Amino acid sequence: MDSNTFREIIGLVSQRQPAHEEELRDLDAALGDGDLGITVSAGSRAVCAALEPLTDEATFTAILIACGKAFSVANPSTFAALIGGGLLAAAKSAEGKTELGRADILELADALAGRIVARGKAQLGDKTILDALLPSLDTFRNSLDSPEVLNEMILIAQCQIDETASLQSARGRASWGQERSIGHKDPGATAYLRFLEDLLIVISPGTQRPDLSDVGT
Amino acid sequence: MDSNTFREIIGLVSQRQPAHEEELRDLDAALGDGDLGITVSAGSRAVCAALEPLTDEATFTAILIACGKAFSVANPSTFAALIGGGLLAAAKSAEGKTELGRADILELADALAGRIVARGKAQLGDKTILDALLPSLDTFRNSLDSPEVLNEMILIAQCQIDETASLQSARGRASWGQERSIGHKDPGATAYLRFLEDLLIVISPGTQRPDLSDVGT
Amino acid sequence: MQKIINNPESFVDEVLDGILLAHPNSLKSVSSDNRAVVRADYPIDSRVGIVTGGGSGHLPLFLGYVGKGLASGVAVGNVFSSPSSEQILAATKGVSGGVGVLYLYGNYGGDVFNFDLAADEAELEGIEVLTVIGTDDVQSAPAERSKDRRGVAGIFFLYKIAGAAAERGDGLSEVARIAAKANDRVRTMGVALSPTILPAAGKPTFTLDEGEMEIGTGLHGERGVHKGPLESADAITDRLIQAILADLKCAPGSRVAVLVNGLGATPLEELYVMYRHAAKLLKDQDITVHRAYVGEYATSLEMAGASISIFELDDELEALLDADAASPFFEQHGV
Amino acid sequence: MQKIINNPESFVDEVLDGILLAHPNSLKSVSSDNRAVVRADYPIDSRVGIVTGGGSGHLPLFLGYVGKGLASGVAVGNVFSSPSSEQILAATKGVSGGVGVLYLYGNYGGDVFNFDLAADEAELEGIEVLTVIGTDDVQSAPAERSKDRRGVAGIFFLYKIAGAAAERGDGLSEVARIAAKANDRVRTMGVALSPTILPAAGKPTFTLDEGEMEIGTGLHGERGVHKGPLESADAITDRLIQAILADLKCAPGSRVAVLVNGLGATPLEELYVMYRHAAKLLKDQDITVHRAYVGEYATSLEMAGASISIFELDDELEALLDADAASPFFEQHGV
């Protein structure tokens, strides 16, 4: 995949994220302060606006930096800072790349996840976005060439979200409600899942979008 | 009427005033701050309590001082201060009296009304208690011996209240609403009317109470 | 009504207990029922005393303005009802330094009668009393009957001015003159976004639905003069400033102090949004703001809403406005 | 939601305009978007700067504590959301007197990341930065994880202590030491009687019916740890004081400062009713109250409710607590 296609995919997927505002608002209100819907909708609109002026020459790094900065300041909540910082880390690891194969995409994704772990200091089981992100990246790692890899990632993410719902959040605002967070799905992890689902729609054949058939290789 | 009978009548009539709390609350809320119901109910309960310890020897003056002080501090709103002060003026004019004939009662009532005029500086037509009090005392003055005098006073007071409802209040809190007071009956005048009506019930034959037949002379 | 109280009957007494416990170095009670409270350092020999008072439910008004460079004593009534003449007399004695006492309070029927009664009794005890009544609410009576107007948040300026004059040792008539002069130059108008509820009555005096506002309301939940759809902060500020300036008639080039007062539930942020537009409107009319006061200066329990007061200054008033003042509820030092 | 605003999008900027217009002698903006505001008299050569920050909607928190003897600069985020690292960096440069800057703010995820990012960038520009994070909410994490606790109203004491230390010329590590020491001795717990509504979200995060209360809530409308029937003022105060003392473990004979903080809509009168019982409970345990602060110190827009903070003093902290302080939102002089 070249940077032009990468930019279009990110744009198309981002356009679909505001549709999840209400769901994410309610999930975050149940165990936090209810602003995740705003962070994701305002953040993804800012990403689309940041991609607008970029030309075909824009490198993967430039694209990721633009997305990272835009997402982190639109509604600068914890999730905005985490994802924004992660995108900047991915931008760094994309330096010099002119093509993205699956292995490259995994490298970028690992850089993003690594920054979130470093900054947020959360671990698996703390009921954060990591509980969906890290297992799904392992699935990606283990079936790098499978045409169904994105479907498998979505399944594992969904399953992790449902499993961790019964846990007590140990990080961020949700942790302050202590037991009150038990029984509620993590809003950040759900936002990640919705992103993966929309990615699947955007790159699936038949959807109205540029020829992405080479993505599979 | 001797002071003992006087004390019983005031007690019996006062006991009936809390029943008007809601009506007076709503009337005062329409063009004031809605506390007249509390002033009248708390005030009349305080009067009953103040009469309790008084013995048969208590003079008219002592009785009226006790009522005035009690009424003015129970819920010290404008109406409480006006009526309280008026009762103290009546107490002064009752000094030395051991019997109250109608002329004496009129003298006391005029002293009460006079203090209200002096302190409140209101005139007829300002839509205050005076618009019911002064005309009804004139009726009392003109038919001092009529057995129906109380009924006539009630009629004139009722008629005055209905007539002045269309006026704009020119005194007290109600005046601050300016035109907004037009169309609302004056709460203080209504409280006075209810007092007269209950007085009529208490001294009418057939109601369960001490022999008040000599009141008529 | 979501209130943090024990019971309505003991409410005022418990508030007073809490205040006296919290600020023992600043305030002291001079009556057995704690309904008369004075400055801890008063009476001061040959220093004019200033006594104010009124119903509870308006903090910082009235008790909050007892302090250095402010009023020196207060008589505290039940919620929204007047203090009795005995309580006012106790406060009077508690601040009298032998050179007379000024009564300074808002224009309410019950208060006027009780303060007048107390003044009579004080004279009998050899304490000279003069009275100045706050009448700053432009909506409550036409200009020709300004003496009948309601006293609302603008009385803060009267405390600041009269208090500073007394603090520097001015005589009784001088303090009264200056207080009356200040009263003539203060105008206030308010807006309510929710009614207030008299604890004992349990029912609001008027109802306001979502999206409605009441212009020209007082501090006791009385209805205002106009009820209409809720407008923007700027539109509301336009209404209040224009009505005040139409009555106060400040000439271009004049200097003023401005108070944007919250009625209890309205956040400080919204008051500053109002100040922003007020400052612009005054600048447009070449009126300079010498000092701005923004916050809860005279509330009405949990009422949502605000009032704006404009106080026209001259050199004499400006110096007194800039003087230091300190109570547990209000402090101002230096610049 | 009955608000006096123009529109949610421009709300914070209009609030900042109003504040800068109202207090030109005390505060100045050091960024084009006015989101970084510092003391008018800063930076001061070889004086430690203190930068705080956080979301809007909590006045006087955070900007209200920029002043003499308090924090020296602030970065202002949107309602209930963090300031960006650029805004924090601008405030840092605006207060740096060449001897380093202390970051002092409440423990919230977004804030921690953005302040850490700004600290990295400040180091690159030769400004040494130390950080102390307020973690006073006893309900938000068990004692063994006290470092993860939420920062709420008790941060007022950190501003007062660290600000006084910087004002007297202490070095950066000394100011940080004292601020951290103060943080270890402050505990807070709150109660909400109504939820707050994020302007942009338009819906409350939790619902509370008449006659219900939520114990252990934070400042951003987050749910607490217990929801139950609304209790009396004394019963609520018992809950808060006991939970705090169980965690702070003040020995009999110790001295404390107490803050009874209103969340926005609760009247001052009700806060003093709570203080009355708090004072009694502390006296029963032979704990002396050196100073009491009662009022709106850290709000959450129009939220009804309150929090109590207890700050255990020693000689060092008491001297700093008693030092003068002055901002347009908070003043303390002398006794």
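As written, the chains take the letters A, B, C and D, and residue 1 is the first residue of each chain.
We adopt the following convention: a contact is a pair of C-beta atoms (placed from the backbone, for glycine too) under 8 Å apart; a residue touches a chain by one contact, two chains touch by 3 or more.
None of the values given here were measured: they were computed from a predicted structure.
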Apart from chain D, which chains are still tied to one another through touching, counting links that pass through other chains? A | B, C
Strictly by the touch rule at the top, which chains does chain A share as contacts with chain D? none
Compute the centre of every chain as the mean of its C-alpha atoms, then state which one is farthest from the centre of chain C. A
Measuring from the mean C-alpha position of chain A to the mean C-alpha position of chain C, what distance in angstrom results? 56
So, in whole Å, the Cα centroid of chain B is separated from that of chain C by 33
Whole-angstrom distance, CA centroid of chain C to CA centroid of chain D, is 29
Touching at least 2 other chains, the residues of chain C are none
In chain B, residues with contacts to at least two other chains: none
What graph shape do the protein chains here make by touch: line, ring, star, complete or other? line
Chain pairs satisfying touch are A-D, B-C, C-D
Chain C-touching residues of chain B, taken from the complex the two chains share: 25, 29-35, 37-38, 72-73, 75-78, 80-82, 85, 119-120, 171-173, 175-180
For the complex, give me every residue of chain C touching chain B. 77-78, 80-84, 108-110, 113-114, 116-117, 137, 139-142, 148-150, 198, 200-201, 203, 205-206, 218, 220-225
Please give the residue numbers of chain D that touch chain C in the complex, ascending. 1-7, 11, 14-15, 17-19, 21-23, 25-26, 56-57, 59-60, 64, 191, 193-194, 208, 210-211, 213, 230, 232-234, 236, 264-276, 279, 292, 294-296, 299, 301-302, 304-306, 326, 329, 331-335
